[in-house]
Amino acid sequence: MIDLSVNIGSLKLKNPVMPASGCFSFGKEYADFYDLSQLGAIVVKATTLEPRLGNPTPRVAETPGGMLNAIGLQNPGVEKVIAEELPHLRKYDIPVIVNVAGTTVEDYVAVTERLMDSEDVDAIEVNISCPNVKCGGIQFGTDPAQAAHVTESIKKVSKVPVIVKLSPNVTDIVSMAKAVEAAGADAISMINTLVGMSIDLNRKKPLIANGVGGLSGPAVKPVAVRMTYQVAQAIQIPIIGMGGIMDGEDAIEFLMAGAAAVAVGTANFVNPLACPEIIDGIRQYCEQNGVASVSDLTGVAWK
Amino acid sequence: MARLTILEHREIADNMRWLLFEAPKDLQYQPGQFLHIRVTDGVDHLLRRPISLCKVDGGRKALGVAYRVGGKGTKLLAGKNVGDTLDVLGPLGKGFKLHEGDRHAILVGGGIGVPPMVELADQLHRNGVKVTAIVGFQSKSVAILIDDLKQYGDVLVSTNDGSLGRQGFVTDYMTDELLASADRFYACGPTPMLRAVQAKMEGRVAGYLSLEERMGCGIGACMACVTSCRLADGSIGYKKVCKDGPVFPAPEVYFA
Amino acid sequence: MIDLSVNIGSLKLKNPVMPASGCFSFGKEYADFYDLSQLGAIVVKATTLEPRLGNPTPRVAETPGGMLNAIGLQNPGVEKVIAEELPHLRKYDIPVIVNVAGTTVEDYVAVTERLMDSEDVDAIEVNISCPNVKCGGIQFGTDPAQAAHVTESIKKVSKVPVIVKLSPNVTDIVSMAKAVEAAGADAISMINTLVGMSIDLNRKKPLIANGVGGLSGPAVKPVAVRMTYQVAQAIQIPIIGMGGIMDGEDAIEFLMAGAAAVAVGTANFVNPLACPEIIDGIRQYCEQNGVASVSDLTGVAWK
Amino acid sequence: MARLTILEHREIADNMRWLLFEAPKDLQYQPGQFLHIRVTDGVDHLLRRPISLCKVDGGRKALGVAYRVGGKGTKLLAGKNVGDTLDVLGPLGKGFKLHEGDRHAILVGGGIGVPPMVELADQLHRNGVKVTAIVGFQSKSVAILIDDLKQYGDVLVSTNDGSLGRQGFVTDYMTDELLASADRFYACGPTPMLRAVQAKMEGRVAGYLSLEERMGCGIGACMACVTSCRLADGSIGYKKVCKDGPVFPAPEVYFA
C-alpha cells in the first residue's frame, strides 16, 4: 500500500491532488462526473466581499499549449458563498479551501472574518495574484512588503491555515515567498497565471474583451516548475504546486521540484476526469518506482 | 465523456462539413444541445469546440453535426477520417423546449445556426406541429441542410447576395400573417439576427433563442461563457451559455 | 505591390523579418536552404569579449508547445567573430545585427568598441537578458537603472544603431523599456526567453544540465504579445517583437501589438524555411486585407 | 527537407519499430547519417527526433530506420500508418567513412546503436571488406536486425541477461586475435559501451564512434548538441554532434 497522504500545515490530505481555484467552481459540476471524496482537497472559486460580475466576454481564448482567461473574479459574494455554495461540500470527506480576493487589505480581512463564522471552511487561500482585476490584487502580488502586510492581517483573524497564492509575474518570486513566510503564511500555492494577450486578426483588437488575460495550461509548466524548485529551497513551509499539470507525470515533476501537493486547473476543462486520473497516475508512478510514501518525493530534484 | 467513432464525414457546402458519430450508449438528448469536441489528443489545441446536435438517427444509433471549417481547430477536425474516434463530451446544456398544444412553430436559422433546427423540426413534425423553417445564408455556396428541413415542413430561404431564395434577411419573411398563425418560434444564428428576431417576435410570438459564446469547460464550472440575461427579479445578470443555455426563453436574453 | 519595408532607427529593412539571435548561428547553415538576401536582416549569435564554451549538455529540452535551452553564450569571442564569421555575410544585401553579451559593463563596451573596427556590423543588439549565464547579464536585464547604465555606455562608443533586448522575467517590463529608451537606445527587441525548468523523472534531476533554461516557442507567444502591446504604447522607439512566431499570422499579431519588425527563433529548428515562409505569409496577409504598407499595421490593436 | 511517405511500419521487437520511407529524390547519403523527423505537425512536440539511417534500398528507392518507442514523441511516431507522410530533414551529419584497402572491419552496435550498422555492413560487404558485427542488447526481447546483419558477415551477439547469445558485454568478444585481424572498427551505442570500445581499441585498431546528444536544429546552428573532443591543437573543445558528427574518429572523442 502506497501512502499518498500529505500535510499542508495542519491540514491532512488523503492525497496530494486538488482542483485549482476558479477551474472547479464550487464543485457541483464535477460531482456529476465522479465522487469528489476522491480528491485530496477542494479549492473553490475566488470569493469577494460583495458579489462581482467579472469582465465582459469573450473571457477565454485558446493559445498554443494553453489558454488565456479573464473571468475577473465573478462570484456571488461571501454571504451567498457561505449560505449557498459551501454547505453542500460537507458531504465529501475532504478539506475545503476557500480562495479569497479583494481590492484592499480591509476587503481580504473582512472576507476572512466572515468565513470564520462558517463551519465549512478548512483553509483560506489568499489570492494576491489575480491578473484580471484592474485595481487591487495585482500590487499585493508583486510587492513583497504588501504581500507580507496582507498575509499578516489575514493571519490575525483566521482560525484556519492560511495559504498564500503567488503570482509568477515578478522578477524575484523567491523574495515574495520569503516575505509571506515571514508574515506567517502556513503554506504557499503557486503559480497563478502569467499575464498574456492574443490578438484577433479579424477584429485587429485583443481577443479577450479585457485586453490581457491569464495564461495557464501546459505552456506555462516549465515556468511553474522552475519557480517551485527555486522557492522550495528558500522556505520551510509547504508548497502547493500548479501550472499546466495534465497527468500523473506532470504532478510528479512538481513534487520532485519541491511541492508537497499539487493543484489542477486547465486540465479539468480538457478532461473532466483529470483530477482522479492524476491521482491514479501518481499512485502508479509510486508503485512502479518503489516509492512508499508520496511525501518522500518532495524536493528530490535538489535534496 | 466518450470516444465516439466517426461513421460519415463529408463536405456539404463550401467549408461546411457533415460529421456523423456512432451514438454513445444510453443517449439522452434534446434538440439544441451541443457536443463539446476535442479536435486533437495533443495539447496544441486544448479547448473543446462546441458544436450543436443536428440530427439523431435512432435507427442507426448515430449522432450528426454540421460545422463550418473556420479556425485552426475545425481545420484539424476536418482532417479526421471515417473510423477515427474523437473525444466528445455531451450532449450538454439546455436544448429547445417543445410545448404541448402547439400547432405551428417558426424555426429560424442563420448560417451555422441552421444545424440544430433539423432535429428540432423532426421532433416537432413527429409531434404533429406544423413547421415553417426560415433559413438565411451568406450565399448559395454555403447553404446547408435545406433538403433535410424540407422533410418536415415549409422552408423559406434567404441569402445576403440573392444567390439562393430571396435576397435579404430572415426577418423579411416574418409577415404579420405568418406571426399571427404561429404558437412558438425557435431561433439560432448570429447575434444581429437573433436581436432582430427577438425584436420582431416580442409581444407577438413566444419563443427561444440559442446563443453562442466562447467556452472553457462547457459544463458550468469556469464562468467563461456568460451572457447578459434579464433575471427573475428584473435585474440584468449573467447566465452561462453552456449550462443555463445555449437555449434561453427569448425575453430573458438581454442584448446590450 | 505591397511595401514590406520597415525602418529600425536608421536601419532600412526590405521586410520586417529577421532570425532571432542564437537560433541562426552566423547564417551559414541556413544559407544551404535559401538565399539569405531574402531576409529583412540577420541577427547573429551572442558575442562576448573572450571565447566561451557555454554550458554542459543536455542543453535543450522539449516542453509543451516550446523548448528550453541553456546554451550559455558559447561563441568564439569577438576577434574570431570579426575575422571569421561576419565577412561572409557581406555578400548578402542585408543589415547585419550583432548580439553583444558580457558580464560587466566594461565587457559590453569593449566588445562594442572592437566591433566598431569592423565594416561588417550594421547594428548592435545588447543582450542584457540571457537567463543562462550565472553571473552577469541577468541583473542588467531586471533592473532599470543598470539597464540604462549599460545602454548609455554602449551608446557612447557605438557608431551604429543600438538595439536593447529585454528580458520578460520582470515585474514591470514597461519601466525597463522606458529606462533604456531614456538612455538612448535606438530600438528595443523583446522578448528573450522566460526562465523555466523541466525535471527528468528517471534521473530525478533537472533535465537541462544547467538546471534552468530559457523557454521559447509558441508557448510564450501570449506573454510576448502582451509585453509588446504594453511597451509599444509607452515608448517612441521601434520594437522588434519575438517569442513563438511560427507563421505569418503570428508575425502579424506582433505587428498589430506594436512591433515594427519581428524576429524568428525556435521556428527555424522546426522548419529551416521558417523565415522566408513567414515573409510570404505577411505579404499574403497584406494582399488579402488591402494593407498597402506593412508598417501601417504597427500598433493597430491599440491605435 | 521533404514530406516522405511511409511504405512500411511494423514492430520488430518489444517497443522497437521498423519504418520504411519512400526515398527523397536525388538521395545522397552515407551510412551513419541520420534523419531529423517531425513526429507531429502540431506544436505540442516542436523538436525533431534524430534517427539513424538503417538501410537504403536502392532498388525500391526506399529509406529504412529502426527506432525504440520510448518517450512521447516516438510514441506519436509509432501511431503513424503506411501511406501517411512525415516531415523529414536529411540525411544529415557526417557518416562512417569507408577506407580503401581495408580487408576486415569490426562493427559494434549496442541497442539502438545497431541500426546504422546495417547499411554500413552492406556497403563494406559490397566493397569486399570482411564484416564482423558484434551487437549487444538488454535481452532477447529487444534484439533487432541480427538476421539483416548476417547477410553481410559474422554476427556475434551478447545480452545483459544472457537470454540471447553470450551473457555479458560486446567488449567480451574483442579478443586479441580478432583485433589483430581487423583494419578498422565502427561503433554506435550507449556512452558506457563507446567508452569501453574506445579504450579497448586505442593503439590497436583505428576506427569511429557515433555519438548521441539532444538536438535542437540538427544542422549546426543552435549549439545544443556539442560534445567534448580533442581538437587538432590537442586542447579539449566542443564539436557539434549534428554537423561535425554524429560519427567521429575514435581518438577525437573525449569522455570526461
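Letters A, B, C and D mark the chains as written, and numbering starts fresh at 1 in each.
The definition used in the following text is that a contact is a pair of C-beta atoms (placed from the backbone, for glycine too) under 8 Å apart; a residue touches a chain by one contact, two chains touch by 3 or more.
Just so it is clear, the model here is predicted, and its values are computed rather than measured.
Chain centre most remote from that of subunit A: D (centre = mean of CA atoms). As a whole-number value, the distance joining the C-alpha centres of subunit A and subunit C reads 34 Å. Subunit D has its Cα centroid 47 Å from the Cα centroid of subunit A. Taking the mean of the C-alpha atoms as each chain's centre, subunit B and subunit D sit 56 Å apart.
Across the assembly, subunit D contributes 43-45 as residues in contact with two or more other chains. Residue numbers of subunit A whose C-beta contacts span two or more other chains: 64-66, 217-218. Contact topology of the protein chains: fully connected, every pair of chains touching. By the touch criterion stated above, subunit B contacts subunit A in their complex at residues 1, 38, 43-48, 73, 87, 89, 213-227, 237-238, 243. Considering their complex, residues 63-66, 68, 142, 169-172, 194-199, 201, 204-206, 211-213, 215, 217-223, 225-226, 229, 244, 249, 252-253, 256-257, 285, 300-301 of subunit A touch subunit C.
Residues of subunit A touching subunit B in their complex: 22-25, 28-30, 32-33, 45, 53-54, 57-62, 64-67, 69, 71, 74, 217-218, 246, 266, 268-273. Within the complex formed with subunit B, the subunit C residues making contact are 64-65, 218. Residues of subunit D that touch subunit B in their complex: 40, 42-45.
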